[in-house]
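One chain, subunit A, links the two complexes that follow: it is found with subunit B in the first and with subunit C in the second.
Up next, the complex of A and B:
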């Protein structure tokens, strides 16, 4: 499916399910997401991660609503519990099945996002591993001087931002020296089309979810 | 008012700041879970969300202070949230929406001071707008409409305190360091 359409669908569903208190649609969305993930050979360790990550906040909301809220509603508690899993499942399906380069190209071509945003963010995304490394280096360098930097130390953020400023300068220069000009018309190497099939998938998923929302509690 | 728009370099910088916060938050994620476990037995489990909210909203005000350009606070916060989704955190797809909501909250603080003042007042206003706007969003997302009035008041206050400590004081301390290093444009 076209990445932009998929992104729009995921955001729309998350937003819709936030304002609707229905249980079945949450469960069905979670199951569909899990089937899609299995189809794409999701590793069982990643499944454990998927179950574990939202568990604490979801349980906290569930317990608070069922035991401590004035309504004591088991139904509302379950809806909110499953809602967190809906968010995470939708997010995981999107990130797992979408390549960031394709997404950037699609947003630029299909949604007419200015190329400086599409490629600027993409360039930064590719630096995630290096940024992790840089933060670890800052921590370690602190330890070597006997300074323990915590996540609430301003110095930690300051040093990391210094790195970011330097990298962003260098990256922007590198991109411009390779001929990237802001706002100029660009030729397209890989065309990302929106096919009729994409639209059919998109609208049928959307309609199906609306039917489930209306029909089931 | 500065009529400067965001350029390629600024966009990369904002995304990188988003990554920094994403990486550091990820390490601080246990704070959220720890607080949740502590607070759930006394019936205030979701308050962990309010107490840590200020931590998740730091990127926006900091970006606003660093670039002093309309839109910087919004974009910094939104990109931070989007990157957190790619790093795979607790909120998944809802991160994009939360990011947009938080971004608007952070941006409003600078809008109300017309992008002219960059001091404690700006941070106080942006903490206030962030508190109210994110609370409104949680009203729907986390089912805050189910809770009692007393609990909501306590959670609102907790959220403002957290917002002011992290997105206010801590951001100001970082901005002061950047100021001393002459990295913030005058």
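Up next, the complex of A and C:
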């Protein structure tokens, strides 16, 4: 599906489910998401992360509602618990099935987002592996200079921030030296169309969810 | 098209004068070569022409820089890693060509031509972060060429590039200068191979720029011709400090090193050379325990995997390819204070540090922020800091990039002086071999997944 359309769909569904307290809808959305992820060969280790990361905030909300809210409603607690997983699953499906470059191109072409934002974010995303490398390098550099850095050492973060500031400046220079001028027209290498099929998918998913919302208790 | 004009230009960085009253004309369609010691302001001139300065720092005090209106300017920076916004060479090329408003149907052909220019076709779809320094530099050059610039600015374009590719690119540059009348302005310290370009040679010193006479230029370029290197083969009776036992290294699915047994000799200097991307830096990272490998590496007969990092790095240091990685503090003074505090080499006391700074031309910069030093100055400070730390083994990954011949001589001198109090084993990766004769004991060549010592007297 067209990435911009997919993004809009995910955001819309998340918003809609925020205002609906129906457990079955949440569960169905989660299951559909998991099926999609399995279809795209989601790794079981990634699956564990998906379960684990939202677990604590979800539990916290669940316990707060069930034990401390005036109604002590188990139902409300479960709805909120599952709702958090709905958000995470929808987000995961989106990131897992979307290439960032295609998304940037789609946002630029289909949504007419200023290319400054589209490519700025993309460039920042491409810095993430470099950032990981940089942190390891800082640790090693510390060891080699006779300074043992720990994860709580201020030096580590200070240095990481310095590196980031430097990068932002260099990145701007890099983009500019490769001909990028803010607000100037650009041509396109790969056209990202919104096809009829995209619209069909989009509207059928939307309608399907509405039916489930209305039909189920 | 007209020439590039500097009219009475003075430029400051943080109240420090970099360029003084420069009145110069770079003739269009010519190849210009800027020379001068590290930190003399060569990169500043290029960035001024590219319009990146004073936009990204510094201040024009007086005068103007005029570049021909409508001219497309392409620049390749000293540090290749930070000039890409996207993940692969192909995507970066697409991004660049889109910026230059090249029509969609012409883009694939332009990309192919650019990849051929830099000799980087096989790398087109690799992640840039997995390319070696030399490969990144060639990709950067290819991307810049895709823009079909009228003015091409190259800041030490060959610092990490191997000899074969250096000759290839020099030939390409001559070609485009011939065919498209492109104005090329480049900086370099290692001048070998430039004769064929017949460049106009400029010298920048104390903020003043002057053009050398034809005779002086010819003399300078002649000097840059390859020197001889004399090394011997290590014999088995010499004590080893690092041993490889069936060491093999992979990058992804690609073998970089097939199982190898090898010894590095204690308290000697070993040079490691080989083409770009063959895995030299990766080999150093394996020795420094920064990546996974198969087989065993031992330090003084102990398996390095069994030593704690804290202990191992007291005995082994790595001078990173990117000087910025080595710094932990903000100012030069703070870095030196830390290095003095943790020094393991008794040679360095207060007085010696001061004289070392003087030797390296870094005196009076204690208050300066390390990141604002020039490329060459950073390299010198980085080497000084690691010498002060004084580990038994020091791995140096391209330590001489950005150093002019004078600075190189001083750095080598400093290394020798530091070793009078504490001998060290040095392993050096370098593409720049000029001036290293007599400094190197052994020479290890890495090629086609093998490591081999070479000996005798030969052209470097």
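FYI, the second predicted complex is superposed on the first by the 188 of 217 C-alpha atoms of A that agree within 3 Å, B and C clash if a C-alpha of one lies under 4 Å from a C-alpha of the other, contacts with A are read in each partner's own complex, and residues count from 1 in each chain.
Note that a residue touches a chain if its C-beta (ideal position, glycine included) is under 8 Å from a C-beta of that chain, and two chains touch if they have at least 3 such contacts.
These figures come from a predicted structure and were not determined experimentally.
Colleague: Regarding the shared-chain residue A:112, is it in contact with subunit B (first), subunit C (second), both, or neither?
Modeller: Neither partner.
Colleague: Tell me which partner A:135 touches in the superposition: subunit B (first), subunit C (second), both or neither.
Modeller: Touch status of A:135: first partner only.
Colleague: Please work out whether A:80 is in contact with subunit B alone, subunit C alone, both, or neither, and reply first, second, both or neither.
Modeller: Touch partner of A:80: subunit B, not subunit C.
Colleague: Touching A:147 in the superposition: subunit B (first), subunit C (second), both, neither?
Modeller: A:147 sits against subunit C, while subunit B stays out of touch.
Colleague: State whether subunit B or subunit C is in contact with more residues of subunit A in the superposed arrangement.
Modeller: Comparing subunit B with subunit C, the partner touching more subunit A residues is B.
Colleague: Quick check on the superposed pair: does A:160 touch subunit B, subunit C, both, or neither? Answer first, second, both or neither.
Modeller: A:160: touches subunit B, not subunit C.
Colleague: Examine A:39 and indicate which partner it touches, taking first as subunit B and second as subunit C; both and neither are also allowed.
Modeller: neither
Colleague: Just to be sure I read the superposition right, which of the two partners does A:61 touch: subunit B = first, subunit C = second, or both, or neither?
Modeller: first
Colleague: What residues on subunit A does subunit C touch that subunit B touches too?
Modeller: On subunit A, the residues that contact subunit B in one structure and subunit C in the other are 119, 123, 155, 162, 167, 169, 171-172, 175-176, 180.
Colleague: Report the residues of subunit B in contact with subunit A in the complex, numbered from low to high.
Modeller: 6-13, 15-20, 23-25, 27-28, 32-33, 36-37, 39-40, 43-46, 48-49, 62, 66, 79, 83, 85-97, 140-143, 146-148, 151, 166, 170, 173-174, 176-178, 181, 183
Colleague: Mind listing the subunit C positions that touch subunit A in their complex?
Modeller: Residues 50, 52, 56, 74-75, 77, 81-87, 91-92, 94-104, 107, 127, 129, 143-144, 147, 288, 290, 309-310, 313-314, 316-318, 320, 324-328, 330, 338-339, 341-342, 344, 371, 385-386, 389, 391.
Colleague: Which residues of subunit A touch subunit C once you look at their complex with the stated criterion?
Modeller: 101, 119, 122-123, 126, 129-130, 133-134, 136-138, 140-148, 155, 159, 162-163, 166-167, 169-181, 184-191
Colleague: Spell out the residues on subunit A that touch subunit B in their complex, using ranges where they run on.
Modeller: Going through subunit A, the ones touching subunit B are 10-11, 13-15, 18-19, 49, 53-54, 56-57, 59-61, 63-65, 67-71, 73, 76, 79-80, 83-84, 87-92, 94-95, 100, 116-117, 119-121, 123-125, 127-128, 131-132, 135, 151-152, 154-158, 160-162, 164-165, 167-169, 171-172, 175-176, 180, 182.
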